[in-house]
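Written out below as C-alpha cells is the structure these notes cover.
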C-alpha cells in the first residue's frame, strides 16, 4: 500500500501520529559497512525540533531518537534500521475543540472523509510532526552521501515578499544554521526575522521559499523515463506538508526563454566534460550531468492563524474558529532540514540504483 | 527496476526507442467491465502526433495504435492491455552526425555516461516520442474517469512571454483543440502562433506553460504521507520531457501570502461541505477535497535549435553543431494531451487506491 | 529494497536483530474502522513465545508488544501500525564463541559473505526471533479476516517419522493449542512429545510438518498470472526459517495422479456453485474458488545440536563446535502460529486487492 | 497492481490472451552492454512450443518472437526490451461450447467470478500460452547468467508413477533435450513416453515432476528475511500453471530427519569454504552458499481430458462436458524450459540485487 514509504532501494517507511505514543520508522537499503555517527542524526533532528527559537512554535519536544536495529559496533550491517521518537509534550486538550471542527486549509475534512475516522489530536498523522522521521532517514542518507563526496545544503531564500539576493558564492551549512531563520544572507535574515515577529504579533502567518543545492553528484543518477531524477526530487519536495510548488534549474523562468539562451554548451575542462552554464540545474534527460543540482520549493503560509475564521463542523453547521495550540508563524526555517533530508534520501536512492545500469559495475 | 512504469494500481509500463521497430507499453489495473472506445484512444494520439500543424515538427508519424490484449467484445476484462505503435517515418541518417556529438541540453551525454552505450538515433529512448505510450494509457484512464464523472482539460497558458489572461469560465476541450497552439483564448492564441512562427524563422525555439484543470474528483483521493495527490501529480508532470517546474493551486504565489488571505474557509452549500475560495487547488493534506484541482507546468525551450552551437564530442574535442532533423519550435502545443494523459493516469490510480481506505467500501 | 516486507496492500515491514535493543515493524494497509483486540495480538505472540513449554527453548522472552500508532479509541484509522517488542533475556555471552565460527546449516557463513559484517549474537537478524513481528501483523490480519468470516487454523501433522492420521472433522484452534506439540490428535500428540523429549536428551533435533486450513475464503482471491494465490502462499511459507517444502491441495501426490481422478467436478449446491472433491486445494487458475484452502509446510530439523560437529571458522580453519545457548529440539510446535500469521497476512492482502478487480465494486 | 510482473530489478511484465491478437511482454532491468543472441531466445521458445513432438498438443504455433526495443547493434542498452509473439493458429470455434460451461479444475469459474467477464477462448489469459512470455524473459536472463558463469538445467524426473533413478553425474541440457519427454535417463524416458501415449489413447492425462539444478551461483544471493532465495524460487515455480508443490534441497524428506544427519558441515577446500553435504540445497538462511541449488516441482495432471465429465454452466445447470481442442496429455515435458526460464529470471534478479549489499561494491 503506497503512502508511508519513499525510495526504492534506500527507503524510509514511517509511522506515527502527532499525539500518539511515538512516531518512528524503518530505513531500508543502506549498504552494510557504513560508519554511522548517531550524534549527527540527533543534530539534524534538533534543527527540525519545535521550540528551538523565538520564531518557531513553542511546543517543546526533546525529539530524542532511539535507534533499535541495523547498526552493530558503530556500523550498518545491511539490515533495516528501526527507530523511535517518543511524543512527550502532548497537550491533547488543546485540540478537544477540534474534534468536530474542520479547520480551513487543514487536513481535517479530507482525512475524515477518506477514512471515516481520524485522530484529531494535533492533526494526527497529517501533522508535520511526521517529518521528524524523514529527518532521521535523511541523516543516515547524508552520511552515505558524504562517503561519496556528495554535499547538500538548503536555506530560506524568501519569507513573504522578502527575497534573498542571489549569492555568488556557494552556500555553506554554517552560514545557513547560524541564524534562526536559516537565511545565509545576514541582512536579509534580519529582515525576515523581523517580519515573522510582526506577522506573529498580528496572529497571522507567512509563506516562504526554501532553496537547495546538491554538489558532487556523479554523472548518471536518474532512471528514465518515469523516474527522472528531477521528477523524484519534485515528488520528494511536494510530499512535504505545505509545499505548493517546485522548480529545478531555470524553473518557471524557462518558459519565457529561448533555446539559444537556455541551452548549456558542453566544454572540456581539463579532460572532464562539463557545461558552461547550468540552466538545466544539473539534470539532463532526467539524469544527473555532474553539475550542481539546484531547486526551489514554495511553502504556503501556515493554516493555523490566531484570528477568528468562519468554517463548518462535521455536521455542516457554521462555526467560528480561533487558533489555539502552539504553532509556527512561518514554516520555512524548520523546513530547511526537512528539504535537506528528502533531497538526501532521493539522491542516496538513485546512487544505489545506478549500480545496476551497466553489465560490469 | 524503476524507470519505465508509472502508477501503483492503474499503471503504465512503456518501452521503445524513437528509431527502433516500435514503441508501446502495457496498461495494468484497469478494472474489468469498462467499455473502451478505441477511436478515442487514436484521437488522443492524433492530438500528440508530430506533423499535425504548421507550428509542430514535420516528422510525419501515423502513430496508429494496435491494441493487443485486455479487451474482449469491446470491454476491459481485467487483464493487462498490451499495445504497440510502429515507428514508420524514420530518417536515421539525419542523426548519423550525432553518433559522437553531445548536443547541448539533450540527454546524449548523460545517457552515454550512465549506460556506456546508447541508441543515438533520434534520441533513442530519451526522445519525447516515448510519450505517445503515455497518451495511450491516458486515453484508457480518461474513459475510466469519465465513468466516474471526472473531467480533465489542459491548455497552453503561456508561450515565451505571452501569457493568456485569466478566464472566468471553465476551459472546454473544444476551445482548447480548435486552434493549433491549444490556447482557449483566441486573441492570445493568434499572438502565440505568430510568435512561434517568428522564432522558428530565426532557427530558435521557445518555452511555455501548460495549465490543467481536473473537475469532478471525489473527496478522498491521495495517500498520505509520501504519496500525497499533489506530490504524485507533480512527479507525473516533472517526468515529461522538458518540464522544469510545477505548481499547484496558489503555487509559488503562496510563498508571499499570509495565512489569513490564503486559507480556504469551509461552507455548507446545500448540505455539501465546500470551500469558498480554492487556493489549495483542490487538495488539502495531500487528499482531494472535491474542489477543482488545477496546476501549472513550465516547459523549457526545445534544445534543438537550427543555429550553430559550440559543444564537444564523446572524446572531449570541441565541435560545432547545427541542428538537423525535424523538430518542434515550441513543445507546449503538443504537450497538452501529454499533460492530460499523465493527469488522467494519476487520478485513475488514486481513485482505485481509495477503494482500500475503509473497512466497508 | 526488497527483503523486509511482505504483502502489497496489507503489508508488514519488519526490523530487528535477535540481541539488539528491540524487534518490531510496521503494518500498513489495514482499512480504517476495524475494531482491534490488542489482547488477541498478545495471545498470538504468547503462542509463539520461547520458553512456554517443556519441549521448546528455555530462552524466556516476555515478548510484550507495544503498539505505537495507527489505532485510536480501539479502532484502526487507516494509518500504519508501528509496533515494538523489546529484547530482554539476552545472554549474548552465550554467543561469543560463534563470533568467528560458521555453524553448520546456519546463516553465519552466507550473511558474513553477503554483507561483509554481521551481528553474530543469537544469529542477529537471521534468527527466527524475527518471526515475532510476523505474528503481530498476522494477529491484525486475522481480525480483519474474522470481519469477513475467514478462519485459519494450522497444526503439527508430523514430527520426525510420526505422522498424524487424517482427521475427518475440521481442525479447531482449541484442539490445536490444548497440547504442547499443537497436534489436534491426542494420541499422536503424546507420541510426538515423547519423541521430541527423547531426541532432546540425545542432544539432537527433529524436523516436522505443519498443515494449515483456511475456510470461508470468498471466490476471487488471487492475482493472475504471477501472483497466483497459491504462489504467494508458497512464498509466505518458504520465507519462514527452516522451511524446505510447500504443497497445496493434492501437492506432490498430484504428480502420480490421472486427470480423470484429480479433476474436481462442479455441482450446484442449493444455488451455489461448488466442487464435489477438492484436490485443487481451494484454488483454481491461481484464484480461490470458495472451497477450503489447505496446504502443508515441511520444516527441517533445527540446526543447533548439542553434540560435537566439525566446521570451519572465518579464516577457514577447521574447528569443533558444540551447541550452546538455548534452542528448540523441534521447531514445528512454535511454527504453528507463524504459519497461521503468514497465511492470514497473505489472505488479507488478496482480499483487499480483490476490491480492485471490477468496475463497479 | 500485482499479477502481471515477476522480479524486482530484472523483471518481466507480460500481457496477452491465448486467442487474442498477440501475447508479449517487457523485460526490464537487464544491464546495458550485454551481447544478446536472439537465436537463443527463439531456441528456448521452440522448446516450449506446442506441436513439437508426438506427446504434446497438436496446436501448431510458430511462436516467432519479435524483439521491439532495448537492443542496439546486438547489445542491450539498459532500456526495456519489448517483445511480441503473434497468435496464429487460433481455432476459437473449438471453444464456443465453453462460453457458458465451467470446465472442472480449470480457471473458468474463478475468473468469471473475479472479473464478471472473461475471454473464454482457449482459456484466455489463464492459458499456459502466457508462459511463452516467461520463456523469452528467461532466455535473456540465461544470457546474463552465462556472463557470470551460472548454469541452469531442468528435466522431467517423474511422469505419473514412473520416477527417474538418481543420477550420479550432473545433468546436461544435451541429455535433457535429446528426447521428447526431456528425461536425461534414456531407459526411464522410454517408459515415460510409452505411458504418456497409453494415457492419451485412453483420453486421460498425467501429472509429473520437474527437477532443476543451478550451478555456479555466487555466495550471497537472497534478500532476508521475506525475500529469501528459496522463497522467491518457490513463488516463481508455484506461479506456473498446474504446479501443486515445491521442495528445495532435502525438501519434505527433511521433516523426518534429525539435525545430526541433516546438517551440512563446512570444510576448507583449497582455500574455499564449502559444505561437505548439501541437504540445504545451496541456500542457508535464505542466501546462496555457493553450492548447487536444486529443487523439485510437482505438476498436476492436465485438467482437459477427452472423456465425459459432469459439471455446471454459468447459470448453475448440470451439463456434461467432453474435452475438445488440442491439449497435452502430460504437461511436464513442455514445462522444462518454463521452469528453467523462471529459475533464470529469479537468479538474475537476485544477482543484481546483491550489488546493493555492501558499501563498496
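We call the chains A, B, C and D, going by the order they appear; numbering starts again at 1 in every chain.
Please note the rule applied: a contact is a pair of C-beta atoms (placed from the backbone, for glycine too) under 8 Å apart; a residue touches a chain by one contact, two chains touch by 3 or more.
Remember, it's a predicted structure, so these values are computed and weren't measured experimentally.
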Pair sharing more residue contacts (C-beta pairs) when A-D is set against A-B: A-B
Pair from B-C, C-D or A-C with over half of its contact pairs in common with B-D: A-C
Gap in Å, rounded to a whole number, between the CA centres of subunit D and subunit A: 46
Between subunit A and subunit C, centroid-to-centroid distance (C-alpha), Å: 39
Subunit A and subunit B, separation of their C-alpha mean positions in angstrom: 26
Multi-partner residues of subunit A (each touching 2 or more other chains): 1, 3-4, 8-9, 14, 29, 32-33, 78-79, 114-116, 125, 224, 356-358
Of all residues in subunit A, those that touch subunit D in their complex: 9, 29, 31-34, 76, 78-79, 147, 224, 352, 355-361
Parts of subunit B lying in touch with subunit A, wherever the complex brings them together: 1-6, 8, 14, 102, 104-107, 109-111, 113-116, 125-126, 130, 158, 160-161, 199, 204-209, 219-220, 222-228, 230-232, 234-236, 238-239, 241, 243-252, 254-268, 271, 273, 275, 279-281, 283-289, 298-305, 307, 309-312, 316-318, 353-354, 356-358
Residues of subunit A that touch subunit C when the two form their complex: 1, 3-4, 8-11, 13-17, 20-26, 28-29, 32-33, 66-70, 72, 75, 77-82, 84, 114-119, 124-125
